[in-house]
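In what comes next, chain A is part of two complexes: it sits with chain B in the first one and with chain C in the second one.
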Partner chain A sequence: MRTHASNIIRHTFAIARKEIWHIIRDPISLFLVGFGPVIMLIIISYAFAVEVRDVPTLVLDLDRTEASRELIERLDATEVLDVIGTADDMSGVERAMDARMARVAVVIDRGLEAMFPAPSGDLLGMVAQLAALAQVGDRGLPVSYIVDGTEPISAETAIETAIKETNAFLVERARALLDMLPSSMQNLPEVQRAREQLETPIALEVITHYNPEEKTLWDLVPAMIAIVLTMPAMSVATVIAKERDQGTLEFLVATPAARLAILTGKMLPYVLIGVFNVLLMYLAAVGVFGLPFRGNLLLYVALMALYEFACLAIGLFFSIVIPNQEAALWVSLMFFLFPGFFLSGMFFPIVAMPLEMRMEAMSFPVSGGVFISRSLFLQGVGLDVVWWAVGILIYVGAIMLALSVLFFKKRIA
Partner chain B sequence: MLNRILNIAWKDFLHLWHNKILLVIVLLGGATELTLVGMATGAPIDDVRTVIYDADGSQISREMIARFEADETFAVTVADEPLPDDLNEIFTGALFGDDYIVAIDIPEGFGEELRAGRRPEVTIHLNAISALAATTARRKAEEILFYYGAEVAWPDVSRDELEAFEPQITVRYNEELDRAQYTTPSEAGFMLYVIAIGVAAFMLAREREFGSFEQLLVMPHHPMEILIGKAIPAVVLGYANFLLMLGVIHFIFGVPIRGSLPLLLVLALFYVLVELGVGFLLALVSRTQHQAVLLVMLVAFVDVAFSGYAAPVESMPPAMQTISLAFPIRHFLIILRGVLQKGVGLEILWPHVLALAALGLLINGAALLLFRRSLASER
Partner chain C sequence: MSMIHTEALVRRFRGGVIAVDGLDLDVEEGELFGIVGPDGAGKTTTLRLLAAIMKPTGGIATVAGYDTVREAEAVKREIGYMPQQFGLYPDLSVEENLNFVCDIFGLEGEERRRRIDELLGFAGLSEFRKRRGGHLSGGMQKKLVLASALIHKPRVLLLDEPTTGVDPVARRQFWEMLSELHSGGTTIVVCTPYMDEAERCNRVGLMYEGRMIVCDTPAALKRMLPGVVLAVSVPPRAMIDAEQALRRLPGVLDVQAYGDRIHLIASGPEIRPELEAVLAAEGIKLLDLRPVPPRMEEAFIYMIRSRGS
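Showing the complex of A and B:
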């Protein structure tokens, strides 16, 4: 019995050594499998987590006053909006929006400056006017925005910024006028009331945990690490399928090496490549993207290796049950890569959703990896929190490996 | 000559026909992925798990909690005990437990102070493990607190008056800010391209790997005939996918076709021809199918990065914006959205059509050159 076990281990390493030679002899594949994931991580993170900024903004200023200029400067000073020029009339705005030169247009109608009372003259009347600033009634503000909605996420951010800045502009200007009143008037109830209405009714304190600036990058990068780690799994699927296409696999089975030894031997090098990739990507996440890593690095690498093993076992299974290389390729592409993107949060925040929705997502192997990666990166938790995902990965990996061994035997026989 | 070209194409179609799985995937893959993406992104972000601790317990604070409960964005649990000092306890995830995304703390005396106009303080803790959910929840919570606070603190100011104080916002082209209207055209442009270059690259790489490419070369075919013959299946499959996807975009996800449909169909065909060169190039650099698939994936992702697929190109660093002009998919997505949502035509899109033409010449020229070269070396 003992010799049997040691035989399996010996064969496993022999096969692994052969597989490593195989990978090294093909430098293009070696490069793509070894460095492809980290390259993809960097590219995708840059592409999808671009914080919304410098949205090209066109101005149509019909007021042409100090107030309107002040508002425009204020908008331009924000990170989100970037004033690229002025239009002479509405048709100029239309053309710029159609041609995608501008994605936001600010239209300032006549009457913005006139909303604010002149500082001199009837002081109490001015206070009344300021207090009523919030009650402009049907006329509305003489400021309006036209937003290109084709890219909804950036449009929402642009809208939020536009509303916040416009309100802040009005409030600050009104407050400055109130400050100019003589000190004898400051305690008048009318003045206090006017001041009160310039504040929000509730003082809101928002504390954002784990990712204080609400950067998409921070939840995207850890998720992407798990997603791109499926690349080696797809490689395994193609490698095995290819050997079957070419008939070299039968030759292998005919040798005394146990089937289990063959399969684990084939997987081993890819697990190692996966660990190498995890370390590279960890460096990229921390070094290039400035993410915090709050968990235990050793535990992280170990769990990601386990995750890689589960993915490889699934890839193996596909390559054994699906009769040809091309089909195995497409199936693993559809099974690994694409579902992964839904979990990454770049489309949709599945982590925030109710249980039923999460359960569905959790049935894909990528979800466990995404969950573990994110929890360790951002929340710094350990096994006490992620144990259930670890359990699923072990279970899936073992079942898939067992099924692969089983089907492998049947097909050959 | 036409006959010989069709023969080569026919051979590849036969290959597909014998591989039913492959055929189904290549034919329906695009539309399926598109539907999934559309469904995932089209759903509004709601039922975000929220816990509220109400230390006040007044009628005003209870009414405010009711506002949160009535809002679709939040799935509210009212806590019996104060929020823990260590929020990790409620913010880190267990599969079957409750990990909250939002925790709201209402202080004692909240109702009384609000009615008196003394600006009581409310604290919102956000679990930003998902930035998108946190941002959405924060915006919504700010809105609820502002309007409810104003209602209690300033009973003489109506909601209409408060709203009139905000600038008027008009959203164009995608009036509801529906995310699916953004992601589905992106995905269509992307899948059209992935299928076309995938089919071209895998088929050519397969022949090279198994040595049947040499057989093809010794046959009395002109190199151009071989290339065109190989191109036909990729174009047909890519284009069939595009038509299917266009149907899904329009009929299922309700993206309007405001511009000229014939123009779009012509330009899409033109675009497939441009991208085809990429598929050939990849096949010619790789010696095995394994290499080809890895290359296709890598190139596809680089394209996604620069295309404006997921994030507006304008927000990228200037250098990336310039580089992005060299990617055909960037121009095609502008054309696609322009025709579908904006209803514009060639009068506005011509620079992008020109860019596509130039890139097409460049890419296909390079592919032809490389093909000649590999031909010379293999003969």
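Showing the complex of A and C:
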């Protein structure tokens, strides 16, 4: 006499094996579950990684000096920014931004030119002032930027370009002034030190931490990995309804197959498919999009499999409570994809949401998956940082599986 | 203790349909029991209640000694159930379907191989091992489901219209299989719309509107028919008129046309002169008239009609 637990395990494998046969037998569904996610990842990532060009930029130049004009020219010369005109005062800037004529405004206060030493006899004093530029920081800089955040990806690119260009302007102008010193002074230790200090970029504070190359695509791809991993969950949402529709559920429920086993058996192949997809998408992210993978790959795959399990448990629950394949598919599509895109912090950073909404967003498994994927991929952190999201996934997965077992009756009608 | 036992078993559906209405049934071990009845009589619902895949709304049922509600999973270990529709996977091959059922019942290795070979031979499906369930003919599908239901050597077989939509040759083969199982001691409950199949059962129950209105051996059931069955032959062109005329005759319980003959159930043979008179009045020539032994079908039609009136 076998024990109950070993029955459940045997039944799970029986159902899982059968489910794998079903998937293999249907080439379209095999292709969709096997390669759909990585194809989606590549398509969506390319579509979102549009080049940001010629963002209309307005200038308010209160310095009106050679230096300010040079900075404006430099900004205009970039591909990202396009200086469309100048404003006379702040209200002019606001009007243009409100009318959406300009998406970025650069305000140059009085004092930009004054940051550079005026020609004088005190050459060493000039050197010291130039060296000090390296430490100016964004508080000391009389330049500020206003950006329209309604399109976060282009806003971020635009502001990063403006900051980078301002940096380059300060450094290059200072070094040009050093070069103009008489050749007898060029070998002085003060001058050489000043040069070295200007070697490193000026420490303006708005600098992205885990994405130093400032590529928004890098944020997007790991998030997309988590979002497209909901695709197998949508397939699972139809499995029970499918058995009901084709009349096989009646035979199945009349066998002694354990309830839990029927459900976990149906999920198991899709968890494996999820792992396969994660590996494939990891390769695409690194190979096609050139992302660096900074975390532990084994941990990443394990946590993504857990995330897949939580999504599958939800899909399975839909499949049990919604008696019709098509309706189950639509409900899971609406549940996973639409809020997935919005709540997962892809368009709106989660930190910008009110706290209650943040809690809600985080208990939504896709948000947890996006968070874990980004954290491990780009930041290279481990369980010590993502543990709470892991906890949410375990909780959601277990609750949904328990509810599924509760609602799934080995009976018809 | 009966192999199948029900007491006041009721299944009412939402909307008020009472598909099974107070069924008291005992099927003994080793019995081949037939349930016949028109569409919607409650046959399928009865089998589902016995297979423990539907909850009764009243009464109790035990199968192989287990309660179908409290010990549903134990019941499922003892039975082989064949749903009315093809219950197996159309995208899986014959062999894969059987392997799946073996997986469920934990049949492994040599034992599994032998059992599958044996059942494929029994069902005449040995050459179709690799064929997908969905590509089998109706008759082969039924045999495959029966083979699957037999994997674990169940003590009780519950078969819901196992030969509906199956050609006569396959039907005969199917019944040969059932006879073999029956002689092997398996208790079988089979629902069927075919009266000739009912004749092959040890006992037959007639279901009508959720109730089992009679239940006995085929011979006893036929004896319940109070009158006689007369076969009337008339010229082919006069068939319809004759049928109409005979229906109006007092003392006629049922009239049924079979090809060139009309069978009528009459209260007794003394109806003969009136019958001849009615046909003569219509100008129909009576070619032949003779009593024939009653068929199951006639017995049931009579019983259903007499209930209705």
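The working rule: the second predicted complex is superposed on the first by the 241 of 413 C-alpha atoms of A that agree within 3 Å, B and C clash if a C-alpha of one lies under 4 Å from a C-alpha of the other, contacts with A are read in each partner's own complex, and residues count from 1 in each chain.
Just so it is clear, contacts are C-beta pairs under 8 Å (C-beta built on N, C-alpha and C of every residue); 3 or more make two chains touch, one makes a residue touch a chain.
This one's a predicted model, so the numbers in the text were calculated from it and none came from an experiment.
A.B. asks: Just chain B (first), just chain C (second), both, or neither: which does A:A99 touch?
C.D. replies: The first partner, chain B, only.
A.B. asks: State whether A:M234 touches chain B only (first), chain C only (second), both chains, or neither.
C.D. replies: It touches chain B, and chain C stays clear.
A.B. asks: So in the superposed three-chain picture, is A:Y395 touching just chain B, just chain C, both, or none of them (first/second/both/neither)?
C.D. replies: Touch partners of A:Y395: none, neither chain B nor chain C.
A.B. asks: Is A:E196 in contact with chain B, with chain C, with both, or with neither (first, second, both, neither)?
C.D. replies: first
A.B. asks: Classify the contacts of A:D26 with the two partner chains as first (chain B alone), second (chain C alone), both, or neither.
C.D. replies: Both partners.
A.B. asks: What is the contact status of A:S144 with respect to chain B (first) and chain C (second): first, second, both, or neither?
C.D. replies: After superposing on A, A:S144 lies in contact with chain B but is clear of chain C.
A.B. asks: Using the touch criterion from the header, give the chain among chain B and chain C with more contacted residues in chain A.
C.D. replies: B
A.B. asks: Where on chain A do chain B and chain C both make contact?
C.D. replies: 26
A.B. asks: Would you mind writing out the residues of chain B in touch with chain A in their complex?
C.D. replies: 19, 21-22, 25-26, 29, 33, 36-37, 40-41, 43, 45, 47-49, 75, 87-88, 91-96, 101, 114, 117, 119-139, 141-142, 145-146, 149-150, 152-154, 157, 161-162, 164-179, 181-183, 202, 206, 286-291, 293-295, 297-298, 301-302, 304-306, 308-312, 314-316, 320, 334, 337-338, 341-342, 344, 348
A.B. asks: Per the contact definition, I'd like the list of chain C residues that touch chain A in the complex.
C.D. replies: Counting only chain C, the residues touching chain A are 13, 48, 51-55, 72-73, 76-77, 79, 81, 83, 85-92, 96, 100-101, 103-106, 145, 148.
A.B. asks: Per the contact definition, I'd like the list of chain A residues that touch chain C in the complex.
C.D. replies: My answer: residues 2, 7, 10-11, 13-14, 17-18, 21-22, 25-26, 246-248, 250-257, 410-413.
A.B. asks: Looking at the complex, which residues from chain A come into contact with chain B?
C.D. replies: 26, 28-29, 32-33, 36, 39-40, 43-44, 46-56, 97-100, 103, 133-141, 143-156, 159-160, 162-163, 166-167, 170, 196-197, 199-212, 214-216, 218-219, 231, 234-235, 238-239, 242, 322, 324-327, 329-331, 333-334, 337-338, 341-342, 345-355, 358, 362, 371, 374-375, 378-379, 381, 385, 388-389
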